[in-house]
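Here it is, the structure, as structure tokens.
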Amino acid sequence: MSAIAIMCSGGDSSGMNPAVKKFVDYAYDKNLTPYLIYDGLEGLIDGEIKEAKHEDVSGIIHLGGTIIRTSRSKRFFEAKYRQNAYENLQKYNIEKLVVLGGNGSFKAMDVFCSEFDISFVGIPSTIDNDISGTDYCLGVDTALNVIKNALDDIRDTSSSFKRAFVIETMGRDCGYLALISAITSGAEICIIPEIKYDLKSLQKRLRQEIEDGRAYLIAIVAEGTESTDTIKQWIQTDLGFEARDIVLGHIQRGGSPSVYDRLMAFEYVAFSIDRLLEKDKVNEIIVYKNSQFDFLHIKDIANKIYKIDDRLLKLVSKMTH
Amino acid sequence: MSAIAIMCSGGDSSGMNPAVKKFVDYAYDKNLTPYLIYDGLEGLIDGEIKEAKHEDVSGIIHLGGTIIRTSRSKRFFEAKYRQNAYENLQKYNIEKLVVLGGNGSFKAMDVFCSEFDISFVGIPSTIDNDISGTDYCLGVDTALNVIKNALDDIRDTSSSFKRAFVIETMGRDCGYLALISAITSGAEICIIPEIKYDLKSLQKRLRQEIEDGRAYLIAIVAEGTESTDTIKQWIQTDLGFEARDIVLGHIQRGGSPSVYDRLMAFEYVAFSIDRLLEKDKVNEIIVYKNSQFDFLHIKDIANKIYKIDDRLLKLVSKMTH
Amino acid sequence: MSAIAIMCSGGDSSGMNPAVKKFVDYAYDKNLTPYLIYDGLEGLIDGEIKEAKHEDVSGIIHLGGTIIRTSRSKRFFEAKYRQNAYENLQKYNIEKLVVLGGNGSFKAMDVFCSEFDISFVGIPSTIDNDISGTDYCLGVDTALNVIKNALDDIRDTSSSFKRAFVIETMGRDCGYLALISAITSGAEICIIPEIKYDLKSLQKRLRQEIEDGRAYLIAIVAEGTESTDTIKQWIQTDLGFEARDIVLGHIQRGGSPSVYDRLMAFEYVAFSIDRLLEKDKVNEIIVYKNSQFDFLHIKDIANKIYKIDDRLLKLVSKMTH
Amino acid sequence: MSAIAIMCSGGDSSGMNPAVKKFVDYAYDKNLTPYLIYDGLEGLIDGEIKEAKHEDVSGIIHLGGTIIRTSRSKRFFEAKYRQNAYENLQKYNIEKLVVLGGNGSFKAMDVFCSEFDISFVGIPSTIDNDISGTDYCLGVDTALNVIKNALDDIRDTSSSFKRAFVIETMGRDCGYLALISAITSGAEICIIPEIKYDLKSLQKRLRQEIEDGRAYLIAIVAEGTESTDTIKQWIQTDLGFEARDIVLGHIQRGGSPSVYDRLMAFEYVAFSIDRLLEKDKVNEIIVYKNSQFDFLHIKDIANKIYKIDDRLLKLVSKMTH
């Protein structure tokens, strides 16, 4: 039987465990021997590779995070460690890899594939949803629902105390989490990297609403804008509302994978394995675009910036200026 | 200001409340006067119509069901009651309607629109996901996640007691809920109207697994197959496993709307209102196909059967025979 | 090091996993060698006994059910199988047992302890909360919150459709689950074994409320009353309300253990182990009464009927007649 | 009919809404006219008082926070504003008050009752669980379960990345939330005001565990110790683990009331109203001690410090030194 391995790399996201589970099941269906690489690129360098049995992945579908763990690796930038990694794979005759990660991990894998006789398919997996070329990154739906639950809870307490809350979501360059959360939770303010905000016009509108009886305020701020404190201060001084900030942080990475993330995990993995079996050499990222799966080279993805749909940006315009 | 009204009809689904909320907000944005029709077609006949203020719909985004309620109506099949309905709308100068419902409700509205000077856009809203022409019906994602939570819980208790569970999901002619739930919860058996099941071959595979130590079994059965009891008896007599059945029933209609349902509700409503403003006479259903919104006439939808994607049917084949 | 073992018996309940986890940790703290007995009395007869390492019980605190599984055993009523069981324990020098279960299991253990040189402490663990002498049985709080979540969801859909729901909870002889659920979810009707219901007077009150505009009805019925169907028919014919029934079934056994069940599990286990270390021969049940832990003999428990506090029965009187 | 009013004061807690609901229902049962005082003492001063109908409180049992809102009031320290407050109550002939709050609010009410012909019962309601004389404060169980859910999620992501998390819970002078959360989530470190921590001995134990393969660390820190940052830095520098901190903040105040909080809310309210009806002048706090309800004067409560049970402190000792 031919060998195939799966690895997680970079920040973890909910949906990785269903992907690992499906990987093992589907590999057996295709008469492949599945291997798990633990601890991401660090583990690949150190040879943490294990043949997977069904029981290794039973009962993990509903768990957040990833049981094979993940990492960020500086060593992998050095040729000698990539050589180590390759030799580790050779021991098990592994030439095909499925890698769950983001742009950084995919670039590293691109270098690795160019140097060695390795095929790889990357599955976009990051709650930031910031990968160009795909409509969906694994983990986003779960993260959004985790944020939603927090926001629904916060609104209850917020409306009990005539208080404003400034909620910081993850999202370095991409405001997707903040934007969708603001729309779907009915926030009053939304600050994201994609839209220049205008406190003057916001102030005018909100002061009127406060005069008319508004008893609470929710502002959603994307981490990457670094403006959580600014907004909090502004609400206190210019709107005269007591304000508290909540940094959601890594809570957003957890949570039992949603149905959508489980289904996307299964489909991503099945298509990725099929691709690795169809072609001799693969160095691609699987993407989901307009309800279709497709494969792109990393150079078509990594140097472009993910652009949020104008339709969605319009929905949030009232919350930014 | 021009008048516009919203109504729910048929079975309720989670996502209706966010739709009602967005309807009111968006109507005001467009300088329309929004009206709420309570209790569906029954309420339309009886004149339960009320102008909506922002506060009527505040704090409802996170609630399942629909605060304006819904109904099934036999009276609406009679011309005299449709006449009543029309006269009630005329009192408020309402000529434009957004209706959340399924095929039955849309057919009734089609008749109504043909008889009277009324424009209507139907928004597919049913947890059965059985409407042809659209990839998504409002409420399905929430229903799937409610089922998921129940299944995750059941698996815990199932694996504690060497026991089989037969779970019946909603779905009269369409096995979508059962199929996706079976895939994403890792069930062993899935019985849906779309696939003929073969207990002989299932038995062969499962007996082997039981011999190898399988300690529990989960079967997902779509209501429409009427085979919950058959499967339960078969598991007990032919597989020798103690089996219990659980009919999830109306629990599936409840639950706080998921992020996806909230977002789809908002988009469906915004596009529907835009459509009603653009054209003089509208008698259409809004559909979501390959990530795009479109509008179809009821005759293009109602007489066709919703077909589940072959890709998904393949994922479940091992659980049916 | 002295040996000690833990076993689950009878129906599983959420809280058993935290108890198993604490058992292992606390045993090591006390310099004991902990053993896990799998599959309850059946496993005890068949010698499914395993020394426990910390890693066997890591990551299980938040799981419902029990990873060491449970069973009901007819064989244990026969002396020869109890002999087997004793010999299995002797192989590991196990003379001390902690058993999570209900009255039936405790009676069996009482016989076993009388015949052999075995000490045992029973921890009341059953979602029925029907064990006399203790204010709390492990798993009840989680079960109640699982039911609560279902009821909150059902109320959303119920109030959307002018509909009645009859919800059947577990509880053979004891209506505790139904009673607390009815009180805390604001049901209109509650049918439990402890109180004779009177449909005549209920009808009078509810008809008035329906006339005054009541749009939905929730009835909670304890399984043991066998009156789910009666109540459903009565609502339809005498109250003129469309009614649906939902049998919650084994969903009630699942669910991640609540904080209260985790804490009670820890305390029950720690006190039980302490007791087994303090005395040479123990044949007792640990009980929790007025916020204090105590130990009773099975004869003080098994032949008495658990009586729900009058204070609670009074809270529900309006829902029964 | 005699008049009676309810008010929330100080920080909100989940359980206040079920209390308000029960207050209205029970008042009607007792032939009293129930009034709602909005916005706490501030609203009392400003006359925000409204007679309550059943429909004002329908559908609120499952909501966190409080629909009648709450506040902290500096004005109430001045005699003239208390005079206003009294006159507002006189307008409605209200002489009996139920107040949900903490020590600060009860002290203010004690002054008010001494000055005017007002009876009041205080119901301990604060998630800090820091009120002496009672085993339970309304909202604590819900807060603990909200924290539990967050911790279960964080553990998933934590174990995916060889990472430490420092979680800060609420609790100014009382470490109850942190302590129970640490115990029931299986944390490795717990820092609370009640116990002096010793990093030296913790370091010794944890370094050993890290050498033995520990892949993640969870530390729970009570806000009042102001040591979140210290612990985070210590983990990074002395344990060599990448560490992140998460301040749970006001998320802890939200969440749908748990079954226990709903039940305690109902019982607290029923006993409080009974007390106000039985005696001519009441100036007391209702407490729950060893499963019994009792009434104490504020002076027996306010000047004592709430002491966490030694039994619980012992359970956490390994996590502090």
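To keep things simple, chains are lettered A, B, C and D as they appear, and every chain counts its residues starting from 1.
Methods note: a residue touches a chain if its C-beta (ideal position, glycine included) is under 8 Å from a C-beta of that chain, and two chains touch if they have at least 3 such contacts.
None of the values given here were measured: they were computed from a predicted structure.
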item	value
Magnitude of the superposing rotation for chain A and chain C (Cα, nearest 5°)	180
Most remote chain, CA-based centroid, reference being chain A	C
Interface residue identity across copies chain A, chain D - same or different by half	same
CA centroid of chain B to CA centroid of chain D, Å	40
CA centroid of chain B to CA centroid of chain C, Å	35
For chain B, residues that touch 2 or more chains besides their own	152, 155, 159
Touching pairs - complete list by chain label	A-B, A-D, B-C, C-D
Sites on chain A touched by chain D in the complex	8, 11-12, 14, 16, 39, 63-67, 69-71, 146, 150, 152-162, 165, 215, 244-247, 249-251, 253-255
Complex interface listing, chain D residues touching chain C	18, 21, 59, 61-62, 135, 141, 144-145, 148, 152, 155, 159, 180-181, 183-186, 256, 258-260, 262-263, 266-267, 270, 290-292, 311, 315
